[in-house]
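Going in written order, the chains are labelled A, B, C and D, and every chain counts its residues from 1.
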Amino acid sequence: MSDLLWPGDERAGTLFDARSMVEGMVALEAAWSSGLVDHGLAPADAAVTSAELEALVTAADLDGLALAAEGGGNPVIPLLHVLRTRLVAADRTEAARWLHRGLTSQDVVDTAVVLCCATALRRLEIEFSSQVDALTALADAHRGTLMVGRTLTQHAVPTTFGAKAAGWLAGVVDARATAVFAHSVLPVQLGGAAGTLAGTVELARLRGVRDPVRTTVALTDEVAAALGLQASPPWHTSRFPLTRVGDALATATSAFGHIASDVVTLTRPEIREVGEPTAPGRGGSSTMPQKQNPVLAVLVRRAVITNPGLAATLHTAAGLANDERPDGAWHAEWATLRDLARRTVVAAAHTTELVRGLRVDAAGMVARARAADGLLAERDAVHALLDEPAPTAPGSDDPSSYLGVIDPIVDRRITP
Amino acid sequence: MSDLLWPGDERAGTLFDARSMVEGMVALEAAWSSGLVDHGLAPADAAVTSAELEALVTAADLDGLALAAEGGGNPVIPLLHVLRTRLVAADRTEAARWLHRGLTSQDVVDTAVVLCCATALRRLEIEFSSQVDALTALADAHRGTLMVGRTLTQHAVPTTFGAKAAGWLAGVVDARATAVFAHSVLPVQLGGAAGTLAGTVELARLRGVRDPVRTTVALTDEVAAALGLQASPPWHTSRFPLTRVGDALATATSAFGHIASDVVTLTRPEIREVGEPTAPGRGGSSTMPQKQNPVLAVLVRRAVITNPGLAATLHTAAGLANDERPDGAWHAEWATLRDLARRTVVAAAHTTELVRGLRVDAAGMVARARAADGLLAERDAVHALLDEPAPTAPGSDDPSSYLGVIDPIVDRRITP
Amino acid sequence: MSDLLWPGDERAGTLFDARSMVEGMVALEAAWSSGLVDHGLAPADAAVTSAELEALVTAADLDGLALAAEGGGNPVIPLLHVLRTRLVAADRTEAARWLHRGLTSQDVVDTAVVLCCATALRRLEIEFSSQVDALTALADAHRGTLMVGRTLTQHAVPTTFGAKAAGWLAGVVDARATAVFAHSVLPVQLGGAAGTLAGTVELARLRGVRDPVRTTVALTDEVAAALGLQASPPWHTSRFPLTRVGDALATATSAFGHIASDVVTLTRPEIREVGEPTAPGRGGSSTMPQKQNPVLAVLVRRAVITNPGLAATLHTAAGLANDERPDGAWHAEWATLRDLARRTVVAAAHTTELVRGLRVDAAGMVARARAADGLLAERDAVHALLDEPAPTAPGSDDPSSYLGVIDPIVDRRITP
Amino acid sequence: MSDLLWPGDERAGTLFDARSMVEGMVALEAAWSSGLVDHGLAPADAAVTSAELEALVTAADLDGLALAAEGGGNPVIPLLHVLRTRLVAADRTEAARWLHRGLTSQDVVDTAVVLCCATALRRLEIEFSSQVDALTALADAHRGTLMVGRTLTQHAVPTTFGAKAAGWLAGVVDARATAVFAHSVLPVQLGGAAGTLAGTVELARLRGVRDPVRTTVALTDEVAAALGLQASPPWHTSRFPLTRVGDALATATSAFGHIASDVVTLTRPEIREVGEPTAPGRGGSSTMPQKQNPVLAVLVRRAVITNPGLAATLHTAAGLANDERPDGAWHAEWATLRDLARRTVVAAAHTTELVRGLRVDAAGMVARARAADGLLAERDAVHALLDEPAPTAPGSDDPSSYLGVIDPIVDRRITP
């Protein structure tokens, strides 16, 4: 995927694209069919593999699936139609007959969405890991690089660039922990028509299974394990696995935005204390060849403006969930999560590149701090408090003498 | 376009897709080149037509344009590269040399976005028009169809289905007026590198034009007219033409959602006073063949949950616009407007189909109203107020005798 | 009102406070009672005036009204209880008996909300007017004040501060027009229990009025006129008068934010091309006496972050409106509109003060522009295009020679 | 506090009100002063207690503090002015001189906000606990209460009310865990002017403390412990402690909304399978005495419409945080968190009352399920799949025979 209106979108690769969703949907159908067979609920030749089902759906089918999804409101009916038709054509009649038995469309779509979320969170973890390394190195290397502290845009007291990088790191570490947790509790969705799995229990009963209920529960737990997801009672209308992912993505976006919001200031020509990494074709203008725009930071900031609203949409949907399947709230989630996940991954990749290649003008930072007015006014007030005159000895106007607890701050932030 | 995760998306056709955006971008480049030539600022063979430029960009180019857009943060640099290279290859060297002279990337992207907005608003107008016809007919036909009035989910006093349809119509009429106004003031974007059009004035000066400034202004006005847009000073950082469109789209979505929110209630099996139009494959379930889901209303309601946040994003972006081109706020608008516009058009189409084919169980409405308890309690209170006993004459328990001003309400709503 | 957590809140005065809402509610009750009497539906001594009702509700009652509002979900029942009790105590038994006859709580709350919106929009108009004057003066005075144009944070080509101020003005003018329109169509809400005004028609019928329906409609039109509002069929579930106000308020906020977002950049110590107006106690720090923070701009920007989401909430509510009175969507509107209105008015007042007192360092702007690198690169490219060498004559590096169409831009923006 | 426009607001008590914020602010100042004294950085008579400072600020001061907060953009400067003046008047000159030394206004406001968040989360925990008890009891008691399963508003397959209650419980349990975690990591804010605590280190140095940096860090850790908060490096621009609370509050709101969204459907007169608890004055109408509105559910749903946007605002603010103190993003957080916290607590209280007093018409549920058409269509399809005819034996049309795994679902949900 690429998107002319969201430059950089291709960095999210195939995440949540139609093919990925189909792969997620057939992964559930396949795991379920195997489970039915394993427990003797379906005949042995009812079992299908994910690979077998994937092979039945070609790129040329995807548009048709999307078109036909409108009828039932989701893509499962047309996907099943394609799969069954082709299974029959391939002499896999039993597989066709047994496909999806006991499931409902929401089981299939939700599990596919969850698997795509897992992919997003794995991808984010790679970016977080790189960012933590790069920011740790920046914070450590520049813990003593004197810099003007700025509050409400104005010069305040001295700080160091290492302290700033440690603050950036704090957000990334928080966002990473949030994402790791959301990832660790991603559940499979298996509930059947109205969340009772009654069809499967009935099958087991007709098959003469000794404890149909226990067997069905065991089956769902095994399917969860096979997909690398948590077992769970159905959550057709308890949408918190998804809001948890959404909040993690919004948190990540804000952590990246924090960095980018500093960078757009610090790269201004009047300040120029940091520079974005350069690359061929990066940061150019259509008419002004001399320009070098901080385009990575700019693109990250765009996500700060769009993503929180998407995460909020998931909460609204969760709060409007009703009946045993919601009447619109469910359908609002899929594209919202896709857009939120892709944009967060893209922003993550931009941020990784930004922090790994950040050019730091340490000398310029120090020079500005040394030249700034009033940076030591607070220090002088402290001296006055103790009835000591403001220091006048040589070096007493050196802002690097007034740096407080930067080392412990940096150490606490960079220590995992 | 179609979207597996937004069933029905194809109803928005090519709106705001990559090709449409490219067409919008080259439309501006072409109109501008003609303007330069017309005013003697460029040689005659610098002029290109929209058709000529469109022909230079193939479907196979679109993905590459999107990929290359990241470098400068927007797709104009790669588009110009493709266009110039192919113009040169086609022996149109002068056209290649003069392409985009005086413009900036924001002029090109913004004008293309505006042209896509115009398309969206034209499409909406067609839907509004159908809806007004259908709702006017429903309101008129059912002005006397007795129905239980419901407030806070409980039965209140009698009303009629015509009054309800008139209320639906009210929203559509309001949304239509809002959209028509937003459409009527859509401006071209022409400002050059920092909104001064200095490059064009310089060209005119070098060309010996008598009044370079006046000539440049005339040129921009002519380009606006050629594109069917309003002339305007540059609005690179005054983003209200776009928030106005966004608000119009959100208003439309809410008007559709109002209808859909009634329909999901009234189609419940326990109520079933209206039914969605049926169509082959519509409203089915993957496991329960007997079901008939109100899928149009469900899909419309999904947009109510997603779209207001997208309109809000445009306001946030507008309020963060800074400098002579914003550092992220601009980039957040494009995909946001696309998603908002497409989803609104899809919801519009669903709503049109819904209201045109709505099945009204008038007899059922009347029967429920006649059977409902307490519908005339307010009337009896009015009688008691005048020290008249509650009516006991034959027919005195007929709720259709207590319908108030429904005719004038319907008449005011259905009269344009 | 004042708000420790929203400094400056008191600038919105009593807007939308409990007293103002009560005044709005009794204004409707009073106008309605007079209408009933005028048309002979109620006895002459049923008429009450707004002043009479207002006098019955003391400041000490407001908390009790708020507490008692929970039972019915809105404050009308307890307000009526207070009014009726005290009317009886004041020997105004007929007035007590007739109060609210024919109305419903939503009529009363909605009309009061609308009246508060009117107050907000009137107040905004005053601010807009001052801002237009100030910005017109700035744009005109500084149309020739050379300034660095900045795009994506980097220096681009020359512009002038007048052009920037004209861009700020553009937003204010747009926002003003949006607000004026929203104000001009604010409707009264008069529908009775389920939007049919059946109780009033029944009264008229019992009173022997010749045309009860026509009389009732006339009565509603007169009440609208008495309150300075538009007559309208009931809009209990067609909430577009309120989304229109919300969108106008969000538009205003964005217009103010555009200005503030420039100011926080331009007041940075490294740039310092503008300064906020100073005032005693303004912009100070709790520990750094030397600091002068751009606190007006900072406070305005806070509203850009909060207000768009509030406007979106109104659209969500409008799209979820169902039945003849919504089951939660209605109740979400009141505090949302209050917060949005107050914050917008506060931001307006801050912006007015900011633009009226803005300190412009014209000399500094010019000096930076003259010293900046690369500001004329585009010009040189234009020359190269015409095979002319880059100018080398004395003055050829003067950026003020490359200012394009600034005069017409300023003229178009400042001409009403 | 009470709020005429947010009925029920008083259920949040004094949460986040001006007095609570002042108490939080002076709690930090007091703890800090004690720490300074304990470590020998300030003289013994510089120590103040929270109670001492609280006593200096009267209710009459609060409005003045709010008014004066505008000058610096936050309430700390005026609060310090009041405190110092009155300390001096009380012959506590040293306490006055030493107050706030080493701190910055953001330390004070942020810590107060965090303490208010802690109060909110404690209060929520009480509500969650009651809800878990009530919902566990409902789920357990009604695990066998047959009910129509509804998907996309239409009848699907049988379920039980216990399964529905277990689904409600799932959300509450998730929300509780999210809130507990957010609570457990709430940090103190202690950074001084620009996050380096330089003033305190300087004090320690002047006092001849052996290791000024280590002493300062120890001091901050002790202050955190004294306030019941986590020690932390400064997070002036890393706002994730607050977004974490915001997300927890939005999650709670959605969990409550899920319940309420079912209740507004199930209390409809045509369904009436559950009823809200009744209470004097609850659910009444201003004109229709017969009505019993589900007002608790309605008021909860209002929060679903407003709260997600507030949580999103916190993420936007976090992502725009820049410099060592943000230029507007910080200021947007306070009232947003207050409104979000209060509305969530109010919705929690409404939900507790709702689920504790919910009237369940078990007989009606069963009767509807037995009468419903098509509830066993899926079962018959399962039988057909196995080439068995649809059951025709007596009792074969009993939907309670087709309930699947409800017991394990309920057991998993109700087991902590």
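Here is the rule we go by: contacts are C-beta pairs under 8 Å (C-beta built on N, C-alpha and C of every residue); 3 or more make two chains touch, one makes a residue touch a chain.
Computed from a predicted model, the values in this text were never measured in an experiment.
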Centroid-based (C-alpha) most distant chain relative to chain B
D
Could you check if the interface between copies chain A and chain D is built from the same residues on both sides, meaning over half shared, or from different ones?
same
Go ahead and note the Å separation of the Cα centroids belonging to chain A and chain C.
37
Roughly how many whole angstrom separate the Cα centroids of chain B and chain C?
24
Give me the residue numbers in chain B that touch at least two other chains, ranges are fine.
73, 104, 151-153, 156-157, 192-193, 199, 264-265, 285, 287-288, 293-295, 298, 301, 303-305, 309, 312-313, 316, 320, 327, 378, 381
Chain B to chain D touching residues, read off their complex:
151-157, 264-265, 267-271, 285, 287-295, 298, 309, 312, 316, 320, 368, 372-374, 377-378, 381
Per the touch rule, the chain B residues reaching chain C in their complex are 73, 97-98, 101, 104, 106, 149-153, 156-159, 163-164, 166-168, 170-171, 174-175, 178, 192-203, 206-207, 213-214, 216-217, 233-240, 243-244, 247, 250-251, 253-258, 261-262, 265, 301, 303-305, 307-309, 311-316, 318-325, 327, 378-379, 381-383, 385-386, 388, 402-409, 412-413
Using the touch rule from the top, collect the residues of chain D that touch chain C in their complex.
2-10, 16, 18, 21-22, 62-63, 65-77, 80, 100, 103-105, 108, 192-193, 199, 260, 264, 279-288, 293-295, 297-306, 309-310, 312-313, 316-317, 320, 327-329, 331-332, 334-336, 338-339
